[in-house]
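In what comes next, chain A is part of two complexes: it sits with chain B in the first one and with chain C in the second one.
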Partner chain A sequence: MTISYTKEKKVGEGTYAVVYLGKQLPSERNIAVKEIKVGTFKDGVDMSAIREVKYLQELKHQNVIELVDVFDEEGNINLVLEFLPMDLEIIIKDTSLLFQPGDVKSWMLMTLRGLHHCHRNFILHRDLKPNNLLISPDGELKIADFGLARSLSQPNERLTSNVVTRWYRAPELLFGARHYTEVIDVWAVGIIFAELMLRTPYLPGKDDADQLTVTFQALGTPTDKTWPGVSTLPLYKSLHVYPEPSRAELLNRFGAASEEALNLMIAMTRMDPNKRCSTEEALTCKYFTEYPPPTKPINLPMKTQKKRESEEDYESNKR
Partner chain B sequence: MTSSDSTNQEETPQPEKHSKQITNDDLYRRSTQFRFWSFTEQRLKDLKRSTNEKGAANLKERISQLDPSIPEVSEIWEKDLVKPLTVEEEVKIVEYYARKAQGLANYFKLPTQSRATAISFFRKFFLVNSCIQFHPQYIMYTCLFLAAKSDNHFIGIKEFSKAIPKTTPESILQYEFQILQSLKFALLCHHPYKPLYGFFLDFQVEMKNNIQSDKLAELYDHARDKVSEALFSDVSFLFTPSQIALAAYYELNPELVTSYLSKKFSQLSTINEDEQLKPSPNIQTKLVDNLKHCIELSHASFDPEIEEVTQISRKVHYCIDPMKLVKKMQKQKAVS
Partner chain C sequence: MDTEEYCPICKTDKYLSPDMKFLINPECYHKICESCVDRFYSLGPSKCMYPNCNKILRRNKFKTQVFDDLSIEKECDVRSRVMKVFNKNEEDFSDLKDYNQYLEEIEDIVNNLVNNVDIEETEKKLKDYELLNQKEILENNTKQVEKDQIQADLTKLETQLKQEKRRHEKQTAEEDKLLKKANEAALIDQMQNESAQPPQAVRMHNTNVLRKSSARKKHIKELEEQINMHRRALGAGGHGIESSVPPQTPFTPFNGDKDRTKYYQFQDNYYDPIFNDMVSKDPTFTASGYDIKKYFKRSLAEAFTGLNIFVSEEIS
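The block that comes next holds the complex of A and B.
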C-alpha cells in the first residue's frame, strides 16, 4: 500500500516555503504540506527546512507539531505536517472571545509542556510567539515552526543573537549576547503569558532600539548590580535607568492575574538569565495547582467564524 | 513498566500512576539514533549483507539490459567480467573514504562534532545503499557538505566545490535528497564527545584522590583520540555514546574507571529510596563486560592500504557503469 498526499488549497506563503492543506491517502487524514522552494536556494536544501526536519524528527510530543512524513516532488522537498487550522495569535486578537483564567492557564500549561520536552532534549526553539503556537481542531496547543531551532550550544560556540521575533526577544539577545541558553524561550513564553492576559502585545518595540526602551520601561533597566556582568555584553550602552516595577504596579497592570500567576510571570521574565526560571520550575509552580484548574483543551475558546469557514470548505470538498 | 506490574494491576485495580519519571535513558530511547540507527550485532551483519545483495541484484539487472549486439557485452556475460563487490570490499572502501572525510573536514576547519556527523551520515548511507550503485567518494563529499549545514557550520556550495578537484556544485548537490532519505531524515547525531567531557568533569569531583589533575587532563586527551578512532568502527551502531566514552577511559585506565563505577553505584543504592530504582547487584560486572566488548569492536576497523582501495574503486566504477568496461575493451582491441 503506497501512501500519497494531495495538496488541495494554498493557505500561506513564506520566504522559503508554500503551505497547502491536503489529505493523506488512502487514510483521508487531514494534513498540511510545507513545500520548500529548493530552486531559489543555490546551496541545496534550505537551512530552515533542514533544521525543521532535524528537530521535529526527535520531538514526538502531544504539544509539539507532528512531522508525519517527508517526500520529494520534482526536486522540491515537502514536509508533511499535522493539520492545525488555528493559531494562538488569531484567538488572542478575536475580541469576541472571552478568556477565563482557566483558559489562559491551559494554554500556558500546554506551551510549557511542549517547551519542556524541547529543552529536555537540549533543543532551543528560538522563535516562540503566539503565531507559532498552533491549535488543533480539538483545542490542543502545539509548538510549531522549528526553522530557527538549534541544539543547546557548547560553552565555546559563538551563537547569533539575531533570533526570536523582536517583541519576544529576551534582554540578553537585545544586548547581542553570543552565548545564551534555553531560558531565552522561557522569556518569550513569559511575554506570551502577559499578552494572553492583556489581549494585546506586551512589549511592541517599533525597532531594535525601541525594543530596549519598551522592555526596560515595562520591567526596569538591568544594571551590574541586578544582573552581574550585564555591562560587558556587546550592545549594552549607557541606558536610561528605569526603575523596576513594584508588585503593586504589576498587579495593577495585570488586573486579572492571581498572586501565583504574577509570581510565575515575574519568574519567567527575570532580566538576568541566570535567575530566570526553567520550564521545570515553571511547570511545578503553584499557579498550575491552585484554583481554577486549567480548562480542558476541547472546551477552550475557538475562533468561531474561522471554524465555520473551514467546515464549509470541508462540506464543499465532500460535494 | 515491567510485566509483573501489569498483572498486579489486573488483580487489584489501582489509580493510574502519575509519578513515573522520564529518565535520560528513556529520552535516549526515543531519539532517532536509537530508534533507527542502533542494532544488535546480528542485525547489523544481516543489514550489511542484504544491502550488498540488493546492490548485486541491481548490477545483474543492469548488465542484462546492455545491448547484446555489442560483441564485448556478450564477452562480459560469458566470462562474468563485471563482478559485484563483496561485503568485505564494501566495508573497506567505505572506511577508506570515511577517513578521507575526516581529512577534508579538517581542511574546512569543521569542529569535531560536525566532522563526526559527516562520518556518521556517510556510514549510515552505506548501511542501506551499496557501493555497487554509488561511488563512496562522491557520496562522501555530499555528506560532508550536508553535515556542515545541518550542524550550524554552513559552507557555501561554491566555496565547497572549489576546494575539491573535479567537482561542481551540481555534482555535489545531486545526492543531497537521496542522502536525506537514506538517513530517514534523522540528522541529529549523539556523539561520544559530550559524555566523554561529562565523565572528565565528574572524575575531577569523584576521583580527585585517585588521579592528579594533569594526569587526568592527559587521560582525557588520549580518550578523545580513542573516541575519534572509534568513529571508523561499528560501535556507534551498537553502543550508546556514553558507553563508547566510558569504554575509551576504561581501555586507558581500567583501575580508575573501576573505582569510579564502584563509587557511583554505591552512591546510587544509598540515595534512591525507591527499591525499583536501585541498581541490581551484578550491574557493574555487566557494564564492565559491555565496555570490554565495545573496546574489542572499536579495534575492528581496517585502515586499508591505498593499493587495495584503488583496485576496489576500479571495480566500483565498472559496477556503476559497465559500459566503461566495454569501452575499455574496445580501446584495447583497437590498439592491438
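The block that comes next holds the complex of A and C.
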C-alpha cells in the first residue's frame, strides 16, 4: 500500500521553507507539510532543515512534535509533520482566556517532559519560546522547531552563543559563552513560566545590550562571587551591579504564584548555569505534586475562534 | 427631568435633598423614596402608591436597589427565591444528564416568573416542589452551610500560613545576622585571649537559635497539615458523578517514562589526556556550566544505545 500526502492550503512561508496543510492518504490524517526551498542556497540544503530532520527522527515523545515522514518531490525536500493548529503564544496573548493555576502547571509539566526527553538524549533545543510550543487539538503541548537544535558539545567544539530568541536567552549566552550546556533550555522554560503567570513577556530587552540590563534589573547582576569565573566570559563587562531580588520582592512580582511555584522558578532562573536545576530536578519538585493538580490537557483553555466558526455554520444550516 | 432624580409620590428632589434614598418592593418594583415608605407603610400593609398598581405592599419587604436595570434586579430576586428551593448540587446526581435536566427546569421556572408567563401555574409548581422535597431542601441547606464554613476556615488558615512563613523567613535572616556578629566577636576574643574554646555564651546562643527555628518550622508544618485536611474535606464532599468516574492514574512526574535501563555504569573519573586538560585549564568551561562528565555520559550512551548492548549481560 502506498501512502501519499496532499497539500491543500498554504499557511505560512519562512526564509527557508513553505508550510502547507494537508492530509495523509488513505488514512485521512491531518498533517502539515514543510517544503524546504532548495536552490536558494549556494551550499545545498539549509542547515536548519538538516538539523530538524536529524534530531526529530530520533525523538519520539508525547510532548515533542512528530516527524511523520520525509519525501522528495522535484528535488525539493518535504518534511511531513504532525498537524498542530495552535501555539502557546496565541493563547497567552488572548486576553479573553483565563488561566487557572492548574493550567499553568499542566503546560509547564508538558514542556518539561518534552524537554527532559530531548536532554536525556543529549539534544539541546536552543530556541524555546511560547511561539515554538505548539498545541494539538486535544490540548497536548508539543515542542517544535528543531532548526537550531544540536547535540551536547565536545570540549573541542566551540558553539555560537547567538542562539535562542533574545527574551529567552540565558545569561551565559548573553556573555558570549562558547561551551554552554542544555541548562540554557531550562532558563528559557523558567522565563516562559514567568510569562504564563504574568501574561506578558518577563524580560523584553530591546536589543542585546538592553537584554543584559533588563535581565539583571530583574534578577540581580552576577559577580565572580555568585557565579565563579563569570568574568572570564568573552562579553562580560563591569556592569552596573543590581542587587538580587529578595523573596518578598519576587512574591510581590508574581502575586498568583504559590511558594512552591516560586521555588521552581527561582531554581530554573539561577544565573550560574552550574547551579541551575536540570529538567529532572524540575519535574520531581514539589510544585507538581502540590494542590491543585495539573489540568488535563483536554480541559485546558483554548482559543475559541474555531468553535465559533462551527457554531455559525450550525446556525446558518438551521435557517 | 430625569425620573431618577425625584420621588414620584412626594416630588422630593435629589438635588435639594441629596440624602434621600429610593426603595423598591419586589412585588411590583415601583420606586419610591424612603420617607414615603415610612409615611405610608408604617401602619401595616397597604396598596402601592403608583396609580393603577393594585399590589399590596409590606414595609419589611422594601429594599434598596442594587442594579440600575430593574429587569436585572427582578431576575436576581426571582433566582435567589427559586434557588432556595431548588438547592441540589451536582454531587446529588449520579448522571450528568439528570443534573442538566434539573438545571433546565430551574431556568424554565425563572424565565416564566421573570417574564410573567404562566405565573399561576409556575408558582404552583414551585410550591408543590417545595412541599414534596421539604426534608431534602433542609438537608442541602445545612450541607451548603457546612461547606461554606470549611472554605472560610481554609482561606483563614492559608493566610495564617503565609504570614507565619514570612515571619519565619524574616526572623531567620535576622538571627543569621546576629549569629554572624556574635561569631565575629568570638573570633576576635579568641585571637586576643588565644583560648582554644569558643566562649560558652556563643555556643548557648547557637543552640538557642536552632531550637527556636525548628519550633517555628514545626508550627508551619502543622498548619500545612490542617490545610490539607480541609482540602480533602472539601474535595471528598460528593459521592455522585465524581465517584462514578474511573479512578485516575496516579500522577508521576515523568508520565511513567523515566528511563531506568542503564547500558553502562558511570564512573567518577575517565582518563582523557586531551579533553580533561582542555576543560580544567580554561576557566570559561566552568563559567559556561560545562561539565566534562556530561560529555563522557553522552559518549557512553551513544556507544551503547546504538548497539543495544548491556555490558553486564555480555560478560556473563
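In the analysis below, the second predicted complex is superposed on the first by the 305 of 319 C-alpha atoms of A that agree within 3 Å, B and C clash if a C-alpha of one lies under 4 Å from a C-alpha of the other, contacts with A are read in each partner's own complex, and residues count from 1 in each chain.
Following the convention adopted for this analysis, a residue touches a chain if its C-beta (ideal position, glycine included) is under 8 Å from a C-beta of that chain, and two chains touch if they have at least 3 such contacts.
Worth saying up front: this structure is predicted, and the values here are computed from it rather than measured.
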| item | value |
| --- | --- |
| Three-chain arrangement built on chain A, chain B and chain C clash or fit | clash |
| Touching partner for A:Ala218 - first (chain B), second (chain C), both, neither | neither |
| Touching partner for A:Leu250 - first (chain B), second (chain C), both, neither | neither |
| First, second, both or neither for A:Arg120, with chain B first and chain C second | both |
| First, second, both or neither for A:Met47, with chain B first and chain C second | first |
| Chain B versus chain C as contact partner of A:Leu152, first or second or both or neither | second |
| Partner chain in contact with A:Pro228 - chain B first, chain C second, else both or neither | second |
| Which of chain B and chain C A:Arg178 touches, first, second, both or neither | second |
| Touching partner for A:Leu198 - first (chain B), second (chain C), both, neither | neither |
| Which superposed partner A:Leu283 touches (first chain B, second chain C, both, neither) | second |
| Partner contacting more residues of chain A (chain B vs chain C) | C |
| Footprint overlap on chain A, comparing chain B with chain C | 120, 151, 154 |
| Sites on chain A touched by chain B in the complex | 42-45, 47, 50, 53-55, 57-58, 60, 70, 72, 75, 77, 120-121, 150-151, 154 |
| Residues of chain A defined as touching chain C within the complex | 61-62, 109, 113, 116-117, 120, 122, 151-156, 172, 177-181, 183, 227-230, 232-234, 247-248, 259, 272-274, 276, 283-284, 288-289, 291, 293-294 |
| Residue ranges of chain B touching chain A (in the complex, touch as defined) | 22, 27, 30-32, 113, 145-146, 149-150, 152, 154, 156-158, 169, 173, 176-177, 180-181, 185-188 |
| Chain C residues touching chain A - in the complex, by the definition given at the top | 165-166, 169, 228, 231, 251, 253-255, 257, 259, 274-275, 278-279, 283-292, 294-295, 297-298, 301-302 |
